[in-house]
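Here chain A shows up in two complexes: once beside chain B, once beside chain C.
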Partner chain A sequence: MRTELSTGKKTALYGLMCVLLIPFVFPTWWMVTSSVKPISDIFAFPPDIIPRAFDFSTYSKVFELQPFARQYWNSGYIAALVTLGTMTFSSMAGYAFARIRFPGANIIFMIVLLGLLIPAEVTIVPLFQMFNRLGMVNTHWPLILVPIFGAPSVFATFVMRQFFIALPVELEEAARVDGLGRFTIYRKIALPLARPALSAVAIFTFLHSWNLYLEPIVFISTPEKFTLPQALTQYTDAYGGAMWNIQLAAATLTALPVLIVFIVAQKQFVEGLAHTGLKG
Partner chain B sequence: MAEVGLHSVKKSFGKVDVIHGVDVDVADGEFLVLVGPSGCGKSTLLRMIAGLETVSGGEVSIGGRVVNELEPKDRDIAMVFQNYALYPHMNVAKNMGFSLEHRGGSKSEIAERVAWAADILGLSHLLERFPKQLSGGQRQRVAMGRAIVRNPQVFLFDEPLSNLDAKLRVVMRSEIKALHQKLKTTMIYVTHDQIEAMTLADRIVVMHAGKVEQIGSPLELYDRPANRFVAGFIGSPAMNFLPVNVRGGRVLLADGSELADLGAAAPPDGDYVCGIRPEHLDIGANGAAARVEMVEPMGADTQVTVSLAGQKAHLLLRDRITSNQGDTLFVAVRPARVHLFDIRSGKRGN
Partner chain C sequence: MTAASTDDAAPHGPGQPSRKRFALSMRQRDAIAGYLFIAPQLIGITLFVLVPLGLVFWYSLHEWNVLANTFTFTGTANYQYLLSDPALPETLMATGIFSAGLVAFNMSLALLLAVLLDQKLRGITVFRTLFFSPVVVSLVAWTIVWGFLLQKNGGINGMLQTVGIEGPNWLRTPTTAMISVIVVQVFKNVGLNMVLFLAALQGVPRELYEAARVDGIPVFKQFRRITLPLISPTMLLTMIITIVGSLQVFAQIAILTQGGPGMSTTVLVYYLYQQAFQFHYFGYGSTLSILLFVIVAGLTFLQWQLRRRFVFYEN
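The block that comes next holds the complex of A and B.
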């Protein structure tokens, strides 16, 4: 039952939210404003909340110094493929673990979950050797295949399984009586109803792929094939010093799609989390 | 339409046997109700007919064809579930036409069948709505529409009215009965509500602990229950059970007072449990003395709780009475309305 808060409690709650807003919003605000400040103003103390001067040339320099559009495309299409692949595989695996009774299902699920406990740093060397043997180093294949079949997909499978477990069994039984087979039930009944969970998986996966850093620096060596997190580290002067304002302009452009995706899909994101019984 | 046969049907979940060899033959066009308390196996039996549970032993046949190994879709049955099981992402028309669509029906044929079913169930104005936009009764009707649209050989209902409030349940009960009269299709209906069973069924199967206790028409079960379980389960308020001694045809209570004289129809002398329905206990000038414990006027009837030879018993009277707590009444029962059950086996003795 929802209880109405008293005015005093409401004021305290909003006050707390205003205070919390500072650590959450300030870094983003600082990134965006610093991207249009001259370098000398960036580290001024106290920092300027509103820039004294606006220099938008940093944004054009982002594209001059590196094939940034190409790198943007690389990140975009890789994240899209990873998201699509993970949604497909995790929803099928999650459905199988939730609904199909087969010997050893629980043990197999536990083994799959173990994948979450192994850090990426531990598996990166054997993965490099494997992809090297397959001639896939300095291609985008490792950045696509590793997340689809790795830890992010395991987490997505867990999310989907939790959702499908909560789906009333009678819906599937009604579908069986209506004449549907197992795969058609998954495709026409379970999957359309799993939209909140799928949205959450999509956002998680997209974010993970978009932010992937370790794998690109291990597998990719050509700037044209770089993804954005890797490209951000390349905005340095002749002496290796960071070109802060240009780097922050690139960072702003990098963060933009993520922010847009989150703002657009935050309702599904929260619903998806609620279905898993997990908290963010 | 088709007859349904259950022959020595058994069901086990692991080592636990839940159905112990059920034999029932359902005639073509019959309305059969499976009734019993929770956990008696009635829903499991229905699900075995539907093909949603495997059959551990025996044979299930529909229309003379053994269907043990057939998938639900190949049995030509339709089922209405307790919680309706409507597809939330489809509107009413789509929900109703989904099975036809999946079976490759043409658009015009589907539209025609959906319109026909919607017309019968009064759903024509709701076809574009989604399940969440419907009331409980409307959802129930859509679930029935989804079943009838395919014109199956057998309808299966699994406690379809349990989620409705009391008033709506009565309305929907009448609608289901009217639907059966209109379609004349074989219907098998599961409920734990004996009033639903009595009002709807051509025949009732009373189940208890995975076994069939009795099969018969509603009035057969009411008038001549085969054992104490059926006697206690069928009828509302429930039958009174009193320990009695039968001597020379006379039914005597524990204090020696005479309840009825069965004459030649009496079973051999001995101790029995006597079952009397509350509505069959009459108040008169003669009979066994009973002390009034409680009077509950219900408008049309009055329920009176009395102490009869030290045992609590209920009377359901059509007339209003002026007696109060502590008063003494004389109660009697007509011999034809006395049910005697064996003390040990609980089987009918007269």
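The block that comes next holds the complex of A and C.
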């Protein structure tokens, strides 16, 4: 319904959108600004939208109270491995389901789709038991293996399959007539064309891994092995009360880099997610 | 994009009849390649989804306390306990209120924002970026800052007080606690649905609106009669994703309310976590997992049925 709007209507729309923006933007602003306020100011009345005084010592406390750099590395390398692994195996499976005819393909695809129906929470008890038997509790293996190969990867496979179905097949046919093998065709022809779908898969896989919370608190128990979401909630005093300014500083350190990457690359982010296999 | 449409995915190999031997071996090679391509995922799904699903059902037939190290077959005892569990009605009520509230608020806000962002306005992508930004903010960071804002003496009540309103203790009062966890979750994720709706809105042919305008059909009626039917496939898909997602909410509850006050925000996943990993009742926790699975599967099935009735213009 894109019609030219009168100036009055335009102003009203801008006004409405600015009001609607408040709950989306203000929390991030409040997180960043409160993290640099002196402890005496963070519950000040009336609230300081812009800090009156600055205290950056909270940021050094973040690193003193927990091995935060180590935890940052844990989250980062786990998310990177999960993203790379999912891109590799889901694009292969998605390609095969879209392009290669083999006996039982449909039934196998249905079985794989079952993963969409089974939230990770349903299988957390047996998964814990399995990894416990393998001696992998309190290691990062469950946080790496389950997302790459388990239920979370099914959505990625589905997106890749939808993308390859929509992709014209002629180029690949020509390569096949020339005698190229399937893997070479996938690797050299199909995959380079699948960039938009791959970047969408990369984005939501990374965010999923980066945000994982239930699995880390079930599987991991020593601070050196914590991931960021788990670590953020550990900044508490002796009574279990939150040390707000330190929590907010750690939260800022966690959120800001991803937010900056997003703002720089927002076009790929938003359009990648919107136009990739998700259309009804 | 249903699973039933896999046939249209079938490749068309160059199987010329004059070179039959070559075609045959090509087909065999293809089949082998196909299995190799899907092998990692299929093994993964078997190992991390299918086997655990079978195990969780098996466990649910046992009395299993990890601390006491007991594992005894009790048949349907856990399921009988489930039906008489005094906490279950409250848990299901909290789950239902949370999911219904979240889906209703999320879908309507996503649609409103998408319609606004579909207008011809200068700088509209800046608004789109900002509305979308919470999606990329770490979930726990987002939850922590909202928890901070919602404290009794926190930012929200502070601002209300400047205009003379005494705000409630949001996270310690049953009704406002539930509203809070819903709202925090909606603002975090509504950007995803918003973007999907926006893509669908932009896919509606402009000519339809022009024809309607020529016929003098009011804007609201255009929206109801043209826009909504045409974007209904997207709406259904996002609704399924949103409902299934709402049943998985955990971090927000664990951080903001710990299921409280009382049991007012103890949703099924949180209750499952408590039973299995705080009280170490793995058997009963598994029974609750089966309940969660049945609910998710049932809802998904129901929606595929509704799709036939309410969704138009599918290709």
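Here is the rule we use: the second predicted complex is superposed on the first by the 242 of 280 C-alpha atoms of A that agree within 3 Å, B and C clash if a C-alpha of one lies under 4 Å from a C-alpha of the other, contacts with A are read in each partner's own complex, and residues count from 1 in each chain.
Everything below uses one rule, namely that contacts are C-beta pairs under 8 Å (C-beta built on N, C-alpha and C of every residue); 3 or more make two chains touch, one makes a residue touch a chain.
All of these numbers come straight from a predicted model, not from anything done at the bench.
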First, second, both or neither for A:89, with chain B first and chain C second: second
First, second, both or neither for A:176, with chain B first and chain C second: both
Which superposed partner A:168 touches (first chain B, second chain C, both, neither): first
Touched partner set for A:141, first chain B, second chain C, both or neither: neither
Touched partner set for A:184, first chain B, second chain C, both or neither: first
Which of chain B and chain C A:63 touches, first, second, both or neither: neither
Partner chain in contact with A:192 - chain B first, chain C second, else both or neither: first
Per-residue contact with chain A, leading partner among chain C and chain B: C
Those residues of chain A which chain B touches in one complex and chain C touches in the other: 173, 176-177
List of chain A residues in touch with chain B within their complex: 168, 170-171, 173-180, 184, 189, 192-193
Touch list for chain A against partner chain C, complex: 1-5, 10, 13-14, 16-17, 20-21, 23-25, 27-28, 30-31, 34, 43-47, 89-90, 92-93, 95-103, 105-106, 108-115, 117-130, 145-146, 148-151, 153-154, 157, 161-162, 164-165, 169, 173, 176-177, 181-183, 186, 207, 210-211, 213-214, 217-218, 228-230, 232-233, 242, 244, 247-248, 251-252, 254-255, 258-259, 261-263, 266-267, 269-270, 273-275, 277-280
Complex contacts: residues of chain B adjacent to chain A: 50-52, 71-73, 77-79, 81-83, 85-89, 98-99, 102-103, 146
Chain C residues touching chain A - in the complex, by the definition given at the top: 1, 3, 6-14, 26-27, 29-31, 33-35, 37-38, 40-45, 47-53, 55-56, 59, 113, 115-116, 118-121, 125, 127-142, 144-149, 151, 153-155, 158-159, 161-162, 183, 187, 191-192, 195-196, 198-201, 203, 206, 209, 213, 219, 222-223, 227, 231-237, 244, 247-248, 250-251, 254-255, 269, 272-273, 276-277, 282, 285-286, 289-290, 292-293, 296-297, 300, 311, 314
